[in-house]
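Please go over the structures that come below.
Both of the next two complexes hold chain A, though its partner changes from chain B to chain C.
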Partner chain A sequence: MSKRVLLGVLLACGLAAPALAQEPKAGGAINAVIQPEPPGLMLAMVQNGPVQMVSGNIFEGLLRYSPKLEPQPELAESWSVSEDAKTYTFKLRKGVTWHDGKPFTAADVLFSIEMLKQTHARARNNLAQVDKVEAPDDYTVVFTLKQPFGPFLGIFEVGSMPIVPKHLYEGTDWKTNPYNNAPVGTGPFMFKEWQKGSFIRLVKNPNYYEKGKPYLDEIYWQIIPDAAARSVAYETGKVDVLPGGSVENFDVPRLSKLKDTCVTGAGWEFFSPLAWLWLNNRQGPLADKRVRQAVMFAIDRDFAKDVIWNGLGKVATGPSASTIKYYTDDVPKYPYDPAKAKALLKEAGYKGEKIRLLPLAYGETWQRWGEAVKQNLQDVGMNIETIATDVAGFNQKIGDWDYDIAFTYLYQYGDPALGVGRNYVSSAIAKGQVFNNVEGYSNPEIDKLFADGAVATPDSKRKEIYEKAQKILVEDVPVAWMLELQFPTIMRCKVKNLITTGIGVNDGFKDAWLDK
Partner chain B sequence: MLRSPSGVIGLIILLLAISVALFGPMLFPNSPWRMVQRPFLPPFTLATVPLGTDALGRDVFAGMIFGARVSLLVGMVSTLVALVVGVPIGAMAGYFGGRVDDALMRFTEFFQTIPSFALAIVLVAILQPSIYSIVASIALVSWPPVARLVRGEVLSLRTREYVQAAVVTGQSNTWIILREILPNTLSPVIVLASLMVATAILLESSLAFLGLGDPNLISWGYMVGAGRTVIRQAWWITVFPGVAILISVLGLNLIGEGLNDALNPRLSREGR
Partner chain C sequence: MLSFVAQRVVKGVIVLLAIVVLNFFLIRLAPGDPAVVMAGEAGASDQIFVQQLREKFGLDKPLPEQLFIYVKGIATLDLGFSFRQQAPVAKLIGERLPATLLLTLTAFAISLVLGVLFGTFAARFAGTFLDTAITVFALIFYAMPIFWVALMGILLFSVTMDWLPSFGYETVGANLTGFAHAVDVAKHLIMPAMTLGLFFMATYTRMTRASMLEVKRLDFVKTARAKGLSDAVIQRRHVLRNALLPVVTLAGVHSGTLIGGAVITETVFAWPGIGRLMYDALLQRDYNLLLGVFVICSAMVLIFNLITDLVYRLVDPRIEFTT
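And then the complex of A and B:
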């Protein structure tokens, strides 16, 4: 689960092992790439990847997660669970202040939860099992659940449930609150300035509650729109950290070989991004299960991994990534088998109807992948037409269900109840929204399994339920699972301890230091 | 035309490119999108993929051949469309003069004030990239020079005696424009058109380079754009299609020059 991914033999100097016993040094500034430029920094309002990456160091959650996804104290110092697994009591840290000097208390937590229920779709979903939240005193928060909810301790990560300042937001229009542009959190770094299109600057929080931390004085998030220019910026020394996904994959081996460069695939365990093709189950040839299975057989996923992703990642076996709970590989298998795909298409009576393919507009890797998949599908006789779109057009087409096949990748959040179910249960079919059950798969048995699995106890029971769900899904192929993605973080070896948690760079600057 | 050596060279290049575009795909039926060999195979190592392979192991040579088709097709069709739009507008403006001229020329200038490449990008982005939107947007940004050129020619021909004679004999305006005036404006228009094809090829390549090509068709510009980021690892992916663009544009320019010499013999003789 916490396995650190080796980038093959090319790896220049291995991993920045956190265990390396070395005294942290204070001071210095780090330049990191942020890609693309975030649409905002108020984590409670916008949650795109780059927002989480910058603001995860400004805001904090109640808990932090190790690479093994074990909860660790952050704003909550300790926590306890009642016998019946329905009451969770969090003791908050004392002496924490907001960046503007006001004290942090349980009232902020209660307010944040109310706000997030309205502004953060995933938080709302995560909190669905919560009956009430109370604060008996300023430093205690008690969650009472409607029924036991296995993954409950997994929902307090900073991007999933950021704690926001009540005194700045209560009674204001959240959307137009001026603090959205200059966020105030409790985290190790404070927002300083944002030159649009150029950089975002964070500075050390001198009053941070963990004495001595953070070690760094400043972080500059450099905004560089072109992938090749980002690689060059690293080579010329303009930036020191290339977070996962900020350079094209084929540049990774070259950059890894540079002097004083360290590469790690760690820091994505909490997300475990899984790439798949949404197949529109509603209409056209793909409404037929056999055609969808043919898609699985037709695509050479090992080629995608080895060539397009430069050997990074792992071929997916089903709806769960292998890093998350209750994963099983005891499911029907779909090796690369064009002959079988052709036979299935014939059996399904496919007559060359046109099928539209939407690649992701996230840069070259995805464009090349779209081309390779198109070729794979054409090779077995499918009539594929690629539709070029930008990100906004893509979201619109997907939300309107106006597609046949579309690339995507989604985070898994450690537990099938948090990150997997939302893609397959029929209650998550909502026109106009992306990142839910956009394929329109509807199976009462799956609905029931995911509903039961979320609240079942003990663990062995949940395991049984989710394994069954995985088998059914893999047989039905509601979507075509491609790869478990790995986004290597490339950085100078002098940057130490940046990646120590399951969300890596997103909250890693708290512990990071520069060895000068 | 055949007396000018540069024109002959240009003609040979163009004929070669056209025959590659027409017959190449028949001789090499393999799709340029098919992954045939290991990625980043250098050129001249395997006879089956003489120019090497790209980042996905696709045959660069096949891409060149299929790309010729798209590049030439876009170049010629969009030029044709631009002529169909530009010639009548220019002819009417020049022939009727006065308010008609003013209105049409202000309309033309409206297009000329917008940088043509920027306009083409915006149009393709709005219409979604496809071969049709690309041809349409290139045509739309390249007709104003045609209109202005034709207008100038028509303005001067309008006052010639034979045109006035036609007016006196009661010929209709359409007849005069089509039969008396336009045929005499042809030579500069042909020269301009040959250069416009070259410009259109460059425009299409630039659009494809920026990722605004038709995603279902391979073109030289797409190949250069796709190979750009790996140019340090694999120069051949960008260099060969780049050379193809260079040579065909050069060929068309030479033809334009040759045509100019041939169609304006006096001018060229005086020049020498």
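And then the complex of A and C:
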């Protein structure tokens, strides 16, 4: 080989190397943290965060969503919408099998919908506009709606509508079905082992329908109950991935600086967690709009973002997060202005009545935020008493409307009709329940706007309606919006493509690979 | 002796029943129930959902009926079903038992052996520098909160020196077997067992020291010395044996609580024991699971109290069984 040819080969290899480095490599295991330990793994039966994080690898939905929340194929390979926007036809993938080898068909989809209507409150609400669901053949599912429902294509991700195996659940007692703890899905990873209190092990599904995927051989979800211990586990190299929310936010900057560590805030676009204070509109000083507005002016939300959340997140402007559809910042503004807050309190005739504040029992960050808000409100002359509760006690008090101000954060699910309206329309006022219109805000105009917005066409009409709703709500301050939260995922830089959709780590690790 | 044991067992069953009834009502006094917790976690709820959950947990039935169903289950050794974790309570407790016992028994052994040893030395050299050093050492671990000692241990031995693993029962994914697995578990056990063991050690050290000093002043020790027995024999055979009675009492009470695990130690070190199971059940208001753990723990306390009484007789033949 002449020197020139050799040089050419070397150059070619050298130039090709960076491109090759980006080619996914198969093999390896990921150790990730899961907290708290999931109560079960059957997503159709329990829908809390940790369950979805693990089971999002085992089960699948008909669709998944890009970071811009555009629908992408999953168990459905294509879909079409009729001209009157009332009929949605999904073509299912052929050749998909359950982890036990049985074929996946439209019958599983029909069964899942019936099951979810009974076990999954959010799915039941999402499906309220559906008149009938039919399967003309094994690989087609047709949804006929009572009326057009704008966000309909946004209700099919794995957590909102997991598809479950009919052959293992039909005719059984779902509550005690043994597959609840050893689930069988169609997803890229299969359940292998669960050492309660220690770890959950998933292994690669060798028959996965997307050839070559998943790239990883195994995922170990490690259960470490103490937040400081989770940080140490990452620091000492025992875990590779800390999904958003795994460690206290004050640990994030320190961990981010560790060698070979990459951090991303991506993967929460679909959920768009928004934190606010529930203000009890029914009784006491907070029944007065001026007092509620005073709360908005009294709280230094930039301080909360910069100090308590270490600069992560974004100050909220109103009921919609900036990442979801039809968001507008053309709304009344509430900058930090204690003087204005005092003036409003004076105008409202507030005379130091006691106001009960319930912080969230979700760890140290939330406790600190509770203290900061208490301080802010006391500074403008409000008489605040903090009530300490655990999660169960908190939910009970909120459900019974036994509070004045209470912290919370809720997911928005990409569309105001799915995740925003439920907190403000008067039909969602129901004692004994949590995470609906707990504050007791009632405004017929808002009720109508959210009712119209859900079914309006075309999109420009929906935009107009929701922008108007945002303006009215921000003026009325039914709740005090705080921050668009950001839960950064911390991982070793060798972990590639962990987050590829707007659902993030809750959407399974089928695209992830290790650059070993 | 048999009638003594039989009567104690009957009394024990009555006490256990009283504990079950008391706990049944006590845990329902806490605000919130499992349906409320699960509805909250689902991020959405409506009337049907909450009602379904209540029915699922049997919470829609009147309280006396719930109690009757539970006690009937206990009588047939059925601890019930945890709908939260979708598994029988007995299975959930059984899964955690080996790890719990491994941790608590090791810690118990460490505290007892080191405690009695240090206590004996401290008494033998009472008033000297060694006595002070032992007392200070023991009290340091007693005075410092367990979570602090645990975190400092992790910082020193895991983060800085990288000698010991910081969490868990074994190296996940290593798939070790046989001796290699035993060594791996032992490495994981060292820090939690020492943290817990050193905490309880102080009690035994102080108890042994005080008890031995008291016994040493008694006449029969003078007699033994007058008989010309060596100091070592006097200490071992006469003083220590008589001084051990209060230590046995303490160890008896302590061993009854071992099965309940150690919530803080288990949490910091991610040790998969019953303490954590109980703590999580409490937070989630998993009534059946919580009651199940309480029943097992109470039964253990009663059983170990009985064993303690029997051991008394062995340590001190002067004690007679009376009912």
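Definition applied: the second predicted complex is superposed on the first by the 494 of 516 C-alpha atoms of A that agree within 3 Å, B and C clash if a C-alpha of one lies under 4 Å from a C-alpha of the other, contacts with A are read in each partner's own complex, and residues count from 1 in each chain.
As a working rule, a contact is a pair of C-beta atoms (placed from the backbone, for glycine too) under 8 Å apart; a residue touches a chain by one contact, two chains touch by 3 or more.
Predicted model only: the values in this text are computed from it and were never measured.
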| item | value |
| --- | --- |
| Combined model on chain A where chain B meets chain C, clash or fit | fit |
| Partner touching more residues of chain A, whether chain B or chain C | C |
| First (chain B), second (chain C), both or neither touched by A:Leu216 | neither |
| Which of chain B and chain C A:Lys238 touches, first, second, both or neither | second |
| Partner chain in contact with A:Asn31 - chain B first, chain C second, else both or neither | second |
| Partner chain(s) touched by A:Lys374 [first = chain B, second = chain C, both, neither] | first |
| Chain B versus chain C as contact partner of A:Leu75, first or second or both or neither | neither |
| Which of chain B and chain C A:Val164 touches, first, second, both or neither | neither |
| Partner chain in contact with A:Asp390 - chain B first, chain C second, else both or neither | both |
| Contacts of A:Gln118 with chain B and chain C, given as first, second, both or neither | second |
| First, second, both or neither for A:Gly432, with chain B first and chain C second | second |
| Gap in Å between nearest CA atoms once chain C and chain B share a frame through chain A | 6 |
| Those residues of chain A which chain B touches in one complex and chain C touches in the other | 228, 389-390, 393 |
| Chain A-touching residues of chain B, taken from the complex the two chains share | 31, 33-35, 39, 55-57, 125, 128-130, 211-212, 214-216, 226, 228-230, 232-233 |
| Residue ranges of chain A touching chain C (in the complex, touch as defined) | 29, 31, 36-37, 39-40, 42, 45-49, 118-122, 124-125, 175-176, 180-181, 195-199, 201, 218, 220, 222-226, 228-229, 232-233, 235-236, 238, 389-397, 399, 410-411, 422, 430, 432-436 |
| Parts of chain C lying in touch with chain A, wherever the complex brings them together | 30-33, 36-50, 52, 56, 81, 83-87, 92, 95-96, 99, 151, 154-155, 158-159, 162, 165-170, 172-173, 267-273, 276-277, 280, 283-285 |
| Residues on chain A engaged by chain B in the complex (per definition of touch) | 227-228, 248, 250-251, 254, 303, 307-308, 359, 364, 367-368, 370-372, 374-375, 378-379, 385-390, 393 |
